[in-house]
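Two complexes follow with subunit A in common, the first pairing it with subunit B and the second with subunit C.
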Partner chain A sequence: MITLTIDGDEVTVPPGTTILEAARGRDIPTLCFDERQAPFGACRVCLVAVEGSPKPLPSCTTPVREGMTVDTRDPTARRVAAAIVELVLSELPVAPAPHTELAQVARMLDVGEPRWPGETHAVERDERHPYLAFQHELCISCGRCVRACDEVQGTFALTATGRGFEANVAAGLDQGFRDSVCVSCGACADTCPTDAITEISLLDLVR
Partner chain B sequence: MGGVSRNLVELVRRHHEQGAPTALEVLKEAMDRRGEITDDDRRVAAERSGLPEAAVYGVSTFYEDLLVPRGARHVRVCTGTACFAATGGAHVEAVEAALGVGLDQRSEDRSVSLAETVCLGYCHCGPAVRDGDTVDAGPGVLDRVLSDSARPAPEPRLTSLLAEPVLTRPGDWAGFTTARERDPSELLAAVKAADVRGRGGAGFPAGVKWEFASRAANPDKVIVANGDEGDPGSYIDKLLMEDNPHLLLEGMALAGHAVGARHGFIVTRSEYPRSKPALDAAIAQARAAGHLGEHFDVHVVEGGGSYVVGEETALLACLQGLRGTVSARPPFPAERGVHGHPTVVNNVETLCNIPFIAREGADAYRALSPNATPGSKLVCFNERFARPGAYEVPFGMTVRELCEDVAGGMDGPIKALQIGGPLGGILPGTRLDTVFDFEPLAAEGCMVGHGGIVGFDAHTDMRAVATHLLRFGANESCGKCFPCRIGLQRAHAMFATGAPIDRTSLEQLLEAVEIGSLCAHGGAVPAPIRSILAHWPEEL
Partner chain C sequence: MFDSSVTTTCGYCGVGCRLEAHTRNGKVATIAPALDGPANEGHTCLKGRFAHQFSRRRDRLTTPLIRENGELRIASWEEALHRVVSELTRIKAADGPDAIAGLASSRATNEDCYAMQRLMRAAIGTNNIDNCSRVCHSPTSFALRKSFGLSGATGSFADVDHAGAMILIGANPTEAHPVVGARIKQAVLRGLRLVTIDPRRIELSDYGELHLSPRPGTNAAVMLGLAHVLHRDGLTDPAFIAARTNGYDALLELLPQYTPEAVEEITGIPAADLVRAAHIYGEAATACLTWGLGVTEHRYGSEVVQLICNVALMTGNVGRPGSALLPLRGQNNVQGSSDMGALPDTFTAYRSVGDEPVARSFEAAWGVDLPRAKGYTIPQMFDAAVAGDLKAMYIFGEDVAQTDPNTAHVVAALESLEFLVCQDIFETETTKYADVILPASSFLEKAGTFTNAERRVQLVAPAIDPPGGARTDFDIITTLSRALGHEMGWASPSDTMDEIARLTPDWSGISYERLGRTGLQWPVAPDGTDSPILYTERFELPDGRAHFAALPYKAPGDAADDEFPLILVTGRRLQHYNAGTMTRRTGNVELNDRDYLEIHPDDAARLWVSDGDTVSIRSRQGRTEITAQVTERIEPGHVFTTFHFPETRTNLLIGNSMDVNTSCPEYKVIAVDVRPIGEEASMTPALSSA
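Now for the complex of A and B:
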């Protein structure tokens, strides 16, 4: 077992545990993390300070070490995490719905008006599938839907696409859910933190 | 932890063992054959590589080589930093005007297409333009492209300043012949004692990487030579792969001997069309001579046009034909790399140091650069210098000695130098007495990096340099981590408008990108921007 200190509390966990897992129950914001999936390390919102590290580290992909001292509320880590969430909000043409994880994390980090506004994602919708709708403009490329389809469902109907600012997600050869190998399991909609992918019935309820 | 899909890697491994090509290889063939990629090509690539169709689609939207549809004549213009230093970017507009097509466009009649490429490795005589498979560069290049009479550019020269060269001595397999008779632990100990620091940018000790991999439980180990670093302004690996391929192969065979690997891969850049043929020919010779084959063999994989693929986890994704995005470590490649096997990833130049150590020993290697980082280093200069080319030098010379005595200085004062690649800070011409070594350069916010030295003359507009570097940074972001993906696009937009820069807002943005990013790309693109803020604030 490994013993470390998190926010002044001694915590003992098995080797191979990540800081995020060891800090369960504490308020560490995350966007690309889903405990049903392997950690991905893309959103960089779960930053924490680790004594001896020159800069904050992502808690989701950093394994614990014996004697480690972690501060989950380090001001630099929180400032950078808030800036990152601010950037994410600035790439969406509309604000995410208040119940989404993205909106919750933005509230938790007290993200204000965007300091770096600019180009937003083009509106592109796939609503031809009977159960699943995809609003590509709300996609933040967290990879959760792709990993749900790969790791949880084993269907491989989804992929990350593009690179840099053009990054997004596509079903099949980008023909949409209906013409892909999607089996309508809904794991992608279930994990999506922005409602870019939703189940149609849920969408109707909201409307 | 990681990021690359274990399921996809397992699919790639199984199909590789049955001799299947990777999805990237099939897609590149389709592009070369027909000049565009259709959904049918993607389905064929899925079928042949064994990857799911969606994953193939993802690959087809990632690599530069697959993105721009090609006309009968396909022209690629270099937008690397050395070509930018040569013309301020004017050559790009001139080629667009001459061909009548915009950047990354194909003419309606499909007769001609123009793509941007970074970088062709002719920094010693920029600007460079690739017309079909001919790379032309230097004075008159634009006229020749205009008149459809491109001719091969002169290749850069590689000169050693050392009495006993390490990297310019042709690879003769003498070190390998000696080492293979001895226990692998002796070579591993010698490489550790020689304290070989990685020459690709990070400077990580090669011996430590080797030791991790040699201790890994999985006996099926792999050596990968990273020849896809792609730093604009550096043509060091190009020269080593094309002019001295046996030295690299010998270094890889030695690495294989030391860690117990049987398979080796070299990932080359598609921007260097001569590299793969040169290496393939050398591999055939080495097999015939009995150096490669049964115990350790090497295969060459050509990349698809992506700078971030120079990062080791992205490199391994590319090698396996997947999207070249970065993965979080752990697991480190030494634990889980190519096809899930323990993998050593070393830069080309790093591996080229090993034959000397095997032959002469660690003490002789350390003695090459007294009181400095052990061994020697290749540096290369852009066309602004009087004697541009690549030089093997000891560590510990001053930057002034390198720029003035070795490269002959510039016509006029040196305004600034970017050393080590696009992620290196910028050294002002007033600080040329800085010693060329890891720590002294780091103290100036700069780095040894990959050894490319791009000089800017007195006419250079430093805001334009910042804009150029941020454009490169944003274009080449792999798109995985949020701060790099969005932050570099925003930082470039701040500079591109020409409006005055709000320094507070820029510094806050740079902090988020620098601290937040997953790999050294986002982590270090801010470094040269910070240098410009520090040394030339009046130009912003």
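Now for the complex of A and C:
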């Protein structure tokens, strides 16, 4: 077992545990993390300060070490995370719905209206499936839907597409859910932190 | 965003996914998987997650209906219940209690099923009570009790994660049990060595290491062949066999004739593949055996399950983590409805109705005398109705006219009855013959428990109210019992569970409080300790040892010939559930709107059938019309279809062949003739001569 200090509290966990797992119950914001999936470390929102490290570390992919001292509320880590979330929000044409994880994380990090003007994603909807809807403009390329399809369901129907600002997600060869190999399990909608993939019946409740 | 949220258990298949149901304006708005559900671990399928709109469909039954001058009319509850009580009382007085039979519903809760069997036994006075496990896994129940002692999976779904190898026989989990299918697929991607055995090349076959395609009805030869190779090649666990089993010598006498070459003759499986399968299973440190209705719904289904148990016993692959026998139960509570004694020969936990001390304990608790003779099984009920011995039936939550074999015979039986009461959420093929229809509740509208395929008893909580004048099944059955003069004395389903726990040693430690969010796997000791893995120390047979079954291969009840050259296998598809009563009333029909007949391109070319053609399919029993789907998933010589849509009437084709021990129908081997016809189905076959 490994003993470390998190926010001044001594915590003992098995080797291989990540800082995020060891800090369960503490408020660390996450965006690309889903406990049903392997840690991904893409979004850099779960940053924490670790004594001896020159910069904040992503808690979801950093394994604990003996004697480690972690500060989950480090101002620098929070400032960097808030800047990342603000940049993510700046690409969206509308603010994410209040119930989404992205909106919750923004509230947690005190991120308001993004200060960065500039291009936002064009609205692109696909509601051809009886249950699942794409709102591509809300995709932040966190990869959770693709990994849910791969690691939870095992159908491999979703693909990350494009690069940079064009990065998005597609079912099959951008065929939509119905014409891809999708089995309609909804694991993608369940994990999506922005409603870029959501349940059609919920659209009316949100809009 | 939502008005209320409850955690409940899915009412579709036997996986037992825990769900979070969120409501808005009295309807289910959305359903999400519970992250802490032990069977689903934060996942669910399109049935559990999306197919809930049926609960507020306009054609839900919301008021009792009674038949008057041949027509159904709306009635009050008082009037309907009065009709039921007076008719059942009249028939009981005239023809005795055994002229009445009941079916409990494997879709309903343990408490509903327990109440139903108590109603039949205590209020009516007959053991004529059965449930639809009769037509699916009764052979599994029979065989597991014979071989190991208890009627349930020996382990848990979690064992899939720890297994080194798995043989999956006659099941298509990625369609019929999608969450377990996903779990198996993930395990395979991590290195689980999977062998699939099925006449169809199922999706998991594409991921597994080896696929065996036996001729339908030859599973026994496959299992005997595997046993032969395990023994021949020294892949057995002699210490386990010596310490924990009986009857191995008798099996050894049988095995020499089942060489891989001899088995190839019977099954069509290449001898080398059979040897490879035995080595994959026998060389793994931990290995699971999983099966479905492709094993059980055969003339010798119960014997095949015993032969599957043999293979586990020979290798010591039972009673430890990663080595489980996991039958995939079809309905959400088909395990529980049988556990509850909704069977003609057993009280709760499979204790015989003829067992004097057990019968006396129920007599003392209920204050009545109980019959000791076994009642009718479902097929026997229909035979007795046609013969005029059975006069009344109370069918609760089951559409026998769509799902049971030999539809014409079932309909003749229903028409022969003097009185039929149906309790359901929709009008069905069966309610067409009802004299009284009682509007009941779906799983989203009631409290109680379901028991999943790993023996896990989990709480069910109401998310919404029953629509209109519909009532919970618990309310209907207890009210009827009271009106029949037998007060059950329960205020809520929780009281029922307390009675079950009091009268059932294996359930003695179960209470709603202890079930909590993740449920308990029976047997549950009085202190609340449950049993994720059975038989770690001893088997639940009188001598504590498991029993090998020395049973030879026997040919199935039907075979292809010149007149009926193809073999039909029936099963399920992902988008629909069983008779489709619920899923046909959801968006799932947009994804799949009919039953298809899968046919191999070679057979299709020979018969001049193109993909999408309407074809006629005829068996020794009946004929119907269906859309062909040309696919290489099915082997040449075989065709496959489902029974989700009543207009197809697939079960008209099924004959009376059934399992020799449990009378489970042989849905899986039907000789048929297929030929192309016009573009549209010319008619829906008539069921009634009247």
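Keep in mind that, in the parts below, the second predicted complex is superposed on the first by the 203 of 207 C-alpha atoms of A that agree within 3 Å, B and C clash if a C-alpha of one lies under 4 Å from a C-alpha of the other, contacts with A are read in each partner's own complex, and residues count from 1 in each chain.
Operating definition for what follows: a contact is a pair of C-beta atoms (placed from the backbone, for glycine too) under 8 Å apart; a residue touches a chain by one contact, two chains touch by 3 or more.
On a predicted model such as this, the values are computed, not experimentally measured, just so you know.
Student: Clash or fit: what happens to subunit B and subunit C when subunit A is overlaid?
Tutor: After superposition on subunit A, subunit B vs subunit C: fit, no clash.
Student: Report for A:G186: first if it touches subunit B alone, second if subunit C alone, otherwise both or neither.
Tutor: Only subunit C; A:G186 stays clear of subunit B.
Student: Touch test for A:G172: subunit B only (first), subunit C only (second), both, or neither?
Tutor: first
Student: Tell me which partner A:T5 touches in the superposition: subunit B (first), subunit C (second), both or neither.
Tutor: Neither subunit B nor subunit C is touched by A:T5.
Student: May I ask you to decide whether A:T100 touches subunit B, subunit C, both, or neither, giving the answer as first, second, both or neither?
Tutor: In the superposed model, A:T100 contacts neither subunit B nor subunit C.
Student: In the overlay, answer first, second, both or neither for which of subunit B and subunit C A:E151 touches.
Tutor: both
Student: Measure off the angle at the C-alpha centre of subunit A toward the C-alpha centres of subunit B and subunit C in the combined model, and quote it in steps of 10°.
Tutor: Between subunit B and subunit C, as viewed from subunit A: 120 degrees.
Student: Going by the contact rule stated at the top, is it subunit B or subunit C that touches a larger number of residues on subunit A?
Tutor: Larger number of subunit A residues touched: B.
Student: On the combined arrangement from the superposition, state the nearest Cα-Cα distance between subunit B and subunit C in Å.
Tutor: Between subunit B and subunit C, the shortest C-alpha distance works out to 6 Å.
Student: Both subunit B and subunit C contact which residues of subunit A?
Tutor: Common to the two interfaces on subunit A: residues 151, 154.
Student: Touching residues of subunit B toward subunit A in the complex: what are they?
Tutor: Residues in contact with subunit A: 1-3, 5-8, 39, 42-43, 52-58, 61-62, 306, 323, 325, 327-330, 474-483, 485-491, 493-494, 505, 508-509, 511-512, 515-518.
Student: For subunit C, which residues are in contact with subunit A within the complex?
Tutor: For subunit C paired with subunit A, touching residues are 1, 24, 29-30, 32-33, 35, 41-46, 49-50, 174, 178, 182, 185-186, 189, 574-575, 587-588, 590-591.
Student: Provide the residue numbers of subunit A that touch subunit B in the complex, in ascending order.
Tutor: 18, 31, 38-45, 47, 55-56, 58, 60-61, 63, 76, 79-81, 83-84, 87-88, 90-91, 115-116, 118-119, 140-141, 143, 147, 150-151, 154, 156-167, 170-174, 180-181
Student: Going by the contact rule set out above, which residues of subunit A touch subunit C in the complex?
Tutor: Against subunit C, the touching part of subunit A is residues 35-36, 99, 130-131, 151-154, 178, 183-187, 190, 199, 201-202, 205-206.
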